[in-house]
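One structure coming up, written as structure tokens, with questions to follow.
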Amino acid sequence: MSKINVVIWNEFRHERNEEGCRAVYPEGIHGCIRNFLKVNEDLEITLAALDDPCQGLPDELLEKTDVLIWWGHMAHGEVSDELVEKIRQRVYAGKTGLIVLHSGHHSKVFKQVVGTTGNLSWGRDQKEVVWNLMPSHPIAAGIPEHFTLDLEELYCEPFYIPQPDALVFGSWYEDGFIFRSGVCFLRGLGKVFYFQPGHEFDRSFYNPYVQRIIKNAVYWVKPADVGYTVPEGAPNVTFKVTDEFN
Amino acid sequence: MSKINVVIWNEFRHERNEEGCRAVYPEGIHGCIRNFLKVNEDLEITLAALDDPCQGLPDELLEKTDVLIWWGHMAHGEVSDELVEKIRQRVYAGKTGLIVLHSGHHSKVFKQVVGTTGNLSWGRDQKEVVWNLMPSHPIAAGIPEHFTLDLEELYCEPFYIPQPDALVFGSWYEDGFIFRSGVCFLRGLGKVFYFQPGHEFDRSFYNPYVQRIIKNAVYWVKPADVGYTVPEGAPNVTFKVTDEFN
Amino acid sequence: MSKINVVIWNEFRHERNEEGCRAVYPEGIHGCIRNFLKVNEDLEITLAALDDPCQGLPDELLEKTDVLIWWGHMAHGEVSDELVEKIRQRVYAGKTGLIVLHSGHHSKVFKQVVGTTGNLSWGRDQKEVVWNLMPSHPIAAGIPEHFTLDLEELYCEPFYIPQPDALVFGSWYEDGFIFRSGVCFLRGLGKVFYFQPGHEFDRSFYNPYVQRIIKNAVYWVKPADVGYTVPEGAPNVTFKVTDEFN
Amino acid sequence: MSKINVVIWNEFRHERNEEGCRAVYPEGIHGCIRNFLKVNEDLEITLAALDDPCQGLPDELLEKTDVLIWWGHMAHGEVSDELVEKIRQRVYAGKTGLIVLHSGHHSKVFKQVVGTTGNLSWGRDQKEVVWNLMPSHPIAAGIPEHFTLDLEELYCEPFYIPQPDALVFGSWYEDGFIFRSGVCFLRGLGKVFYFQPGHEFDRSFYNPYVQRIIKNAVYWVKPADVGYTVPEGAPNVTFKVTDEFN
């Protein structure tokens, strides 16, 4: 069985520039995610960063990417529109599944693929309780009714996203706010999962349930077994199905 | 213009048997709801209670009910299956829109119409913050980003409902819980809105936003202008649409 | 790995009483479905019929049924309400996934589990073209853009179902009608798939794509890996999540 | 009561360059739509065309556009990205509702706002039967179970759109194809309706049901009564809701 090619794309600026962040994620956020994903032997993992050549996603790599995990924050504007458009087309074509983490809600990739401003409000780090709203969803496999993150950045509703195709997790925050923190979108032949935890100074990516959710999501967003060759553009149909009747 | 016939059905046992409840709702919960709805002159309002003849909904009344508001709790089991089935058929036929309040999540009507156990967990009265998750929905018209209820019964996720057709409100509770507190379901030609606030000892039905939401919901669930006579059962079609071509 | 217990429930009256039907399905519709499912070695298959003891579903069997496939038509009314309620509870509890075929749209099971009248119109047997509307859905795996059934009973829109959680297939009929022919519903922790083809005098269950779709559906509706013990009813929560913070 | 500002934007090239099209729509497709909308006195209608100054949508006009109706085909690529982005932001902000007609499925506006390639296949003009799949939806008000268009361009599934928030109409075509021909999308605070009929050489815009549907859609997509001032971007929340409790 061929492996699933997972690319973990990280902006990778905070970790290099801010000691507090580096202390939490010495190998980078992408390195931390790699460490818990690599236990699964059917995953072939590649790390990519904004400051790598071709912004980390040269065509050769993108063209074999089954699952793209995206973490970005301070440099959303630097990601090239051309790259975003390539990713968008691959997701719509069902060739790449997309997992967007935390501050990626404002990344060009999330906004363009899903069709949203990605707007929300945010506040100080605090306790977050993640609630399992759809325990039968594949992304919630093995997750309890709730789990607690000691310190995570506050993200607040209203979150100006389209109605998700599945609302899997919702979060409670100490200061009186809630957030739709785990949401699925179907776009074209592709799948997208957005997950809220993952602030660069907090330790959420070490939480075993966060890890399980991201792992589950990899298998959920991966390309489907589409039963025919999907045409490009808007081809002209020159046959009649009714002719098959004779 | 003809008026919208609204029937406010209340179990009306707590208010008669428990002084604490009667102190809050001296005219009954249905009376309180009537008081804020009746300001709208296009609404023709009738009160109904479980201990009224025909459990409050004789056929003559049910057959002209455009909107049915339902509050029940301790006596769900006493409501006759026959009545529930009549209501279900009217909702599916698009003749009656349904608004279910608070502990009505476990009413036969809600469970049968929507297709759910209505299960959830609950706890002590506490602060609740209601968040506006879909500010563009007609039921959220005029509602701010959030509002606070000083004391309301705790309802907890997971709430074992089907994915709602629209998730309009979500709630935060002091003790660490959240709840999908305002949800819409389309069933057949009918519409259903469930709203969480409304514990019999608390004052939520006096909150102006709760009142506005219920008012908005009346107009949202009311029967649609269906453009043809809907057949009953599964009739045999004896024509070919293709014959219309000649 | 433990096997998936699949029960194929068939009313099994037409095949015994009508020669034309028996000629098409000499082993019964359930026997035909068994024959193409049994190739998959991870499926443990049991046949059940209305006239078997306990209407084919004694508690011992039902309690180990992971996936229930349902075909009924002329005797919907004979199925006991008690059995229907048991099935409904198992689906909502996520213990049994449900696949409803063809005239099962009017079965008590479908109507009660999903929350619908199941109403539609129907007409003479004719050519049907099944279109793949969601090629990335697991139930559409391996299915082409469309396939043709030479002769199938006409089912017509409007089909008075709730909005499905996924609309996977749609059908075209010779006489000018269309139908949402493959639809998914999430109910409680359970999954339901309804599929239109399967008239008792036609040969749809011999079509390789119909077979593939039903096979795919078995894996899609099967119970999820829920990560905690789901409570029954509406239990009282006596803890505060916020206490976990200290 | 203030009027609803409706802008009917038409590419308006076919009508000027092709006699066959001009013969059908001598005032342009936008002119034809204006003629049936203007009966409603609460609509303030403006016509706009690609070759008008500012591509028909100068800022002063766009900023007061409540509802934008869009017909384009051969010149999608000429519409400026800047204008598309302005429209997108207005839709997401809930300031402009969007109705996209026929070949607009491939317009930049539709693709960017909804998040889709808009891909589909198409074929020769033929009979189309439009079926009413959601008779209770406001856009289906007054529409029968089905109506027939004598000649309309064939559009074929699979249509590579996201799952719509409501599937209101589906179409049957003579040659064996079907299409989800009337679909609603919620995006941000805005609403989008796509409707398939409207080929430049056919007479669909003279059909009274097509006219009624577009008219209904104007009222459905128009801006909602949002109850607060929606912030821009991702503002920092500096208050605690829990402070309101004291």
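Lettered A, B, C and D in written order, each chain numbered from 1.
Everything that follows uses one rule, which is that contacts are C-beta pairs under 8 Å (C-beta built on N, C-alpha and C of every residue); 3 or more make two chains touch, one makes a residue touch a chain.
None of these values were measured; they are calculated from a predicted model.
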Of B-D and C-D, whichever chain pair has more C-beta contact pairs: B-D
Most distant chain from chain D, judged by the mean position of its C-alpha atoms: C
Distance from the mean Cα position of chain D to that of chain B, given in whole angstrom: 33
CA centroid of chain C to CA centroid of chain D, Å: 37
Two or more partner chains touched - positions in chain B: 129, 132, 134-135, 145-146, 163, 172, 176-177, 186, 189, 230, 241-242, 244
Chain B to chain D touching residues, read off their complex: 94, 127, 129, 132, 134-138, 140-146, 148, 150, 172, 186, 189-191, 224-228, 230, 241-242, 244-245
Parts of chain C lying in touch with chain D, wherever the complex brings them together: 129, 131-135, 145-146, 157-159, 163, 166-167, 170-173, 176-178, 180
Residues of chain D defined as touching chain A within the complex: 89, 92, 105-106, 112-123, 154, 156, 160-163, 165, 174-177, 185-189, 230-238, 240-242, 244
